[in-house]
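For reference, the structure I am asking about is given below.
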Amino acid sequence: MISFFTSHFATLRLEFWALLVGGVANGLIYAMVAIGYTMVYGVLRLINFAHSEIFMSGGFGGLFVLRALVGNSTPSGMSSFVLVIVGIVSGALVGAILAALLERVAYRPLRRRNAPKLAYLISAIGASYFLFNMAGKEFGRYNLAVPQIFNDHPVFTIYGAPVQLYAIIVLIAGLIMLVVLDRIVATTRLGRSIRAVAQDAETASLMGVNIDRTIATTFILGGALGGAAGFLFGLGSGVVFTMGFTPALKAFTAAVLGGIGNLRGAVIGGLLLGLVESFSVAFVNGAYIDVVAFVILVLVLLVRPTGILGERLGRAA
Amino acid sequence: MRRVWDNPLVRRLMASMAIAVVVAVVTGPPGSSEKPSAGLSGSFAEKSSFFGLFQTRRFVVFVAFALLFWGAWSLWLAWGEMVKFRSTKLLRRPRAVTERRSIRWSAAIVLIVIGFLLPTFVHDPFWQTVMVEQIAIYVLLALGLNVVVGFAGLLDLGFVAFYAIGAYATAWVTGALPTPAPFGGPINPFFAIPIAIVMVMLAGIILGAPTLRLRGDYLAIVTLGFGEIIAIFANNLYGITGGATGTNQIPHFSIHLGPVKYLWGLAPVPYYYLALGFVVLFLVVFSLLEHSRVGRAWTAIREDEVAAESIGINPLKYKVMAFSIGAASSGFAGVMTAAQTNFVSPTSFGLLFSINILVLVIFGGMGSIKGVLIGAIAIQTMSMYLIHTPPAGYQPPDLYIYLGALLVVMMIFRPAGLFPSRRRKREIGLAEAGEGHMDEVLTGDVP
Amino acid sequence: MTTDNIFDVRNVTLRFGGVVSLSDVSLHHQRGEILAVIGPNGAGKTSLFNSLTGVYQPQEGVITFTGRDVTPISIIGRKAHRVSSAGVARTFQASRMFSALTTFENVKIGAESHKGIGAFGAMVKGPRTRRGERESDLKTIELLNFVGLRDKANTVSASLSYGDRRRLEIARGLATNPQVLLLDEPAAGTNPAEKIQLTELIRKVRDEMGVSILLIEHDMKLVMSLAERLYVLNFGSVIAEGTPAEIRANTSVVEAYLGSSEHEPEGLM
């Protein structure tokens, strides 16, 4: 028993910094996806079950755009930098477009009819299955690698742990996007109307907020972040039509962990989940890593369903 | 320019075109990662027959389809109400007849007789197998899920877990797994039926007791994850489940009662009769349950949990019960599958399975046993027809595209299903009118 | 005053985060009494109801309930369905029926909720189940007669008028064989004629069924004619107690009412 722990903690000590960096990078990706869940939850009080497919679409979007641009060349330096940005932007764009379409087709008709929430959930599940199987049909049902747009190498080391370029890209891109989104929601007019709808849709509409448009832009913002996250994830693990399922389930866990409806909660939840998952490698057989997040989800929901920061609908920032 | 867009006819035309494009792509040839546009371009450029009249490019067909659809849609908006009014007038009489008790009973008996005689009409081995593996089994699963989703109003997206537990339990007690069989050695799968049913019912209680405290939308996502977790364990616990390859050592059912000896072999028809017997059993049991106090308590909880609690109904107890009872029929379905195919592995219980069953329940009408039965038979027959005689460009996994789209379409146009339960239909109508407390149960929002 | 109390509430305090909803509330309800709790909006009346029925769990204090021949039990910490089994029935401020079910089914659910679950019996429909069904049917019909909804037994409850919804809720509550019936603003949304009928019905429930009544009401005319004793709540505290005549003469009560509007919907509770 004692040797069990010492050996595991030895791994933990040796790998601490590497696990930390990996955990933060993964956590940021979860956070970006979790934001989409949390924002839609804020305005509709619903879990968007099709968000996983927005994530997937971002992966494919980035993949195909980069493929067209890169061809047979091996980019480096400045062109690598530009291509990374192009990939993120195209992932975000595809994610945003799909999110807008999703809202229009699977949600708005139900909202018009004031349908019970069960109908929304089922409709979103249907949309999710339609989308990922459609992707499977159109793009093949196997894992595709994103073209190599940069030479992934250790850039520097922290206490001997090498930090890969990929992790740095995810860190920088993720942080920038999260900060930008936070500012949009906190300071712009658009953000104000989102917060107003989240707090009380009826009053907001009486005060002249266009509910339809606000809900659509909420989907678009969340979709853009989810799509970009999908591209970043695909950059590391490849792109496949079922890629959305597990990360989205984890991102949802992150959103609940931080307090659903709460933007900063989603970020904190994402980082926390990324780290816990990363460090649990030292204790749990790799095949069961996905179980860890699930157990956390069930525990949080049972013990503290309002999450760490609590549900703060409307006071999103 | 704005003017044109605001015209409802134009908007409808655009929507019809969009629908035609989606249908064209869904039914079109598959693409590939090398040429991601191949599917798209093929969907429009490939040759096709124009409604059986002459050969042309697909896009001509779909433009024609869009125009027809647009015309029908516009006509329906103009004249539909009148047609509906007329038709309900015409239909009123027969509908009243179906509500008479004696007629319903005789209809049920006729159906059972048809079910009994069916194998004498179906000789194609493909369809004989389908009747067992794809229809009877799925009807059992759908009936079980209907108890959970339809009666108790709990959206369970990991229902396949119970089916898997039933199948693995059979493999276990018949000695087909790497772990030694309990009860002192392998036993006949017949005895596995009660054992597996008891095991899945226990699993329903064990899984339900903690998770059913959650509000509805969280329950949905937790069960969705749960289906995956079961697959992860089945895949990785080599010593217990046989890992990714599973086992193919499960024996067939057999009877050795003194002089009576019978072995269910490879032929599907004997399995069909066995399954039919259990389908009838579960149909009777579940419909008795629906009209019992348990069924009424489920309705009460589904509609207004707070009020139900205030008159002494313990919601958790009844929800766990729904989970457990719903699991029973899928546990039996698991035994059937395991014993008939001799085989069980994690791939049989993938991600897509639970949703397939959900579609059967939603299509027929959640909460309506008759609807679920008809829906399950109809959808499974159609999807098997697509496998039997696939249209050009159709691959088996494409089925899930259609099923996913069907869920969305049903929710938009007919959320209570094609043959709705009267209570459910009323509930949805009331929720849309802003009455009732259905949403509270789902989201935990107390206004 | 150590007579036969059905509810004994001692020093109950209920908080939501930083908001104190009930502060040091003490009251008692004698068996067989029609007791009313009045007070301006947001005074904590519905919070009190929810604490008495196990929906809310107050942080401090004791609530004791004494059924007819049972030893006293503590309400705090008991779940709502167990409070109901102990013999406490209630109605809601905005009626909460099972709206897609008929009047008959609504009451029947109440009548059978305290019998053992018997899922197996329900599945095989044995003789015991059948007998149980028949008993519940008879009881339901009896109660529908009692509240005057017999002719609407097969009406879907969502299409009932406000007054009929109240009756239905009362019948459903009575079906659980309660010792006490808690009525949360029974007259809200009803017309004057319905109000009179309702008053008669409430009195009949007490006189003929021996069920004690605790009600919250805004309609002063109704309260003063019906209640035998009143408590006045303001800002979560009891500010007065007495007979209708005593309360009418109490100046602090009049002040509390002048300071607020009666028609605003209540806030959190």
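Quick notes on this one:
Letters A, B and C mark the chains in the order given here, with residues in each chain numbered from 1 onward.
Throughout what follows, a contact is a pair of C-beta atoms (placed from the backbone, for glycine too) under 8 Å apart; a residue touches a chain by one contact, two chains touch by 3 or more.
Bear in mind the structure is a predicted one, so any value in this text is a computation, not a measurement.
Each step here moves to a touching chain, and the least such steps from subunit A to subunit C number 2.
Top-ranked chain pair, ordered by C-beta pairs in contact, is A-B.
Of all chains shown, B has the CA centroid lying nearest to the centroid of every protein CA atom.
Taking each chain's centre as the mean of its C-alpha atoms, the one that lies farthest from the centre of subunit C is A. Subunit A and subunit C have Cα centroids separated by 48 Å. Averaging Cα coordinates per chain places subunit A and subunit B 30 Å apart. Distance between subunit B and subunit C, defined via averaged C-alpha coordinates, is recorded as 43 Å. Taken residue by residue, subunit B touches two or more other chains at 427, whereas all remaining positions touch fewer.
Put simply, subunit B touches subunit C in their complex at residues 285, 288-289, 292-297, 299-300, 303-304, 306-315, 317-318, 321, 325, 423-424, 426-427, 430, 435-437. On the side of subunit B, the complex with subunit A involves touching residues 25-26, 30-33, 36, 39-40, 153, 155, 157, 210-211, 213-214, 216-218, 220-222, 224-226, 228-229, 232-233, 235-236, 351-352, 355, 358-359, 362, 395, 397-398, 400-401, 403-408, 410-412, 415, 427-428, 431-434, 438-439, 442-443, 445.
By the touch criterion given at the top, residues 53, 55, 79-82, 84-85, 89-90, 92, 96-101, 105, 108-110, 112-115, 117-119, 122-125, 129, 132-133, 136, 156, 158, 172-173, 175-176 of subunit C touch subunit B in their complex.
Listed in rising order, the residues of subunit A touching subunit B in the complex are 45-47, 49, 60, 64, 105-106, 109-110, 113-123, 125-131, 133-134, 136-142, 144, 242, 245-246, 249, 252, 256, 285, 287-288, 290-291, 294, 297-298, 301-302, 305.
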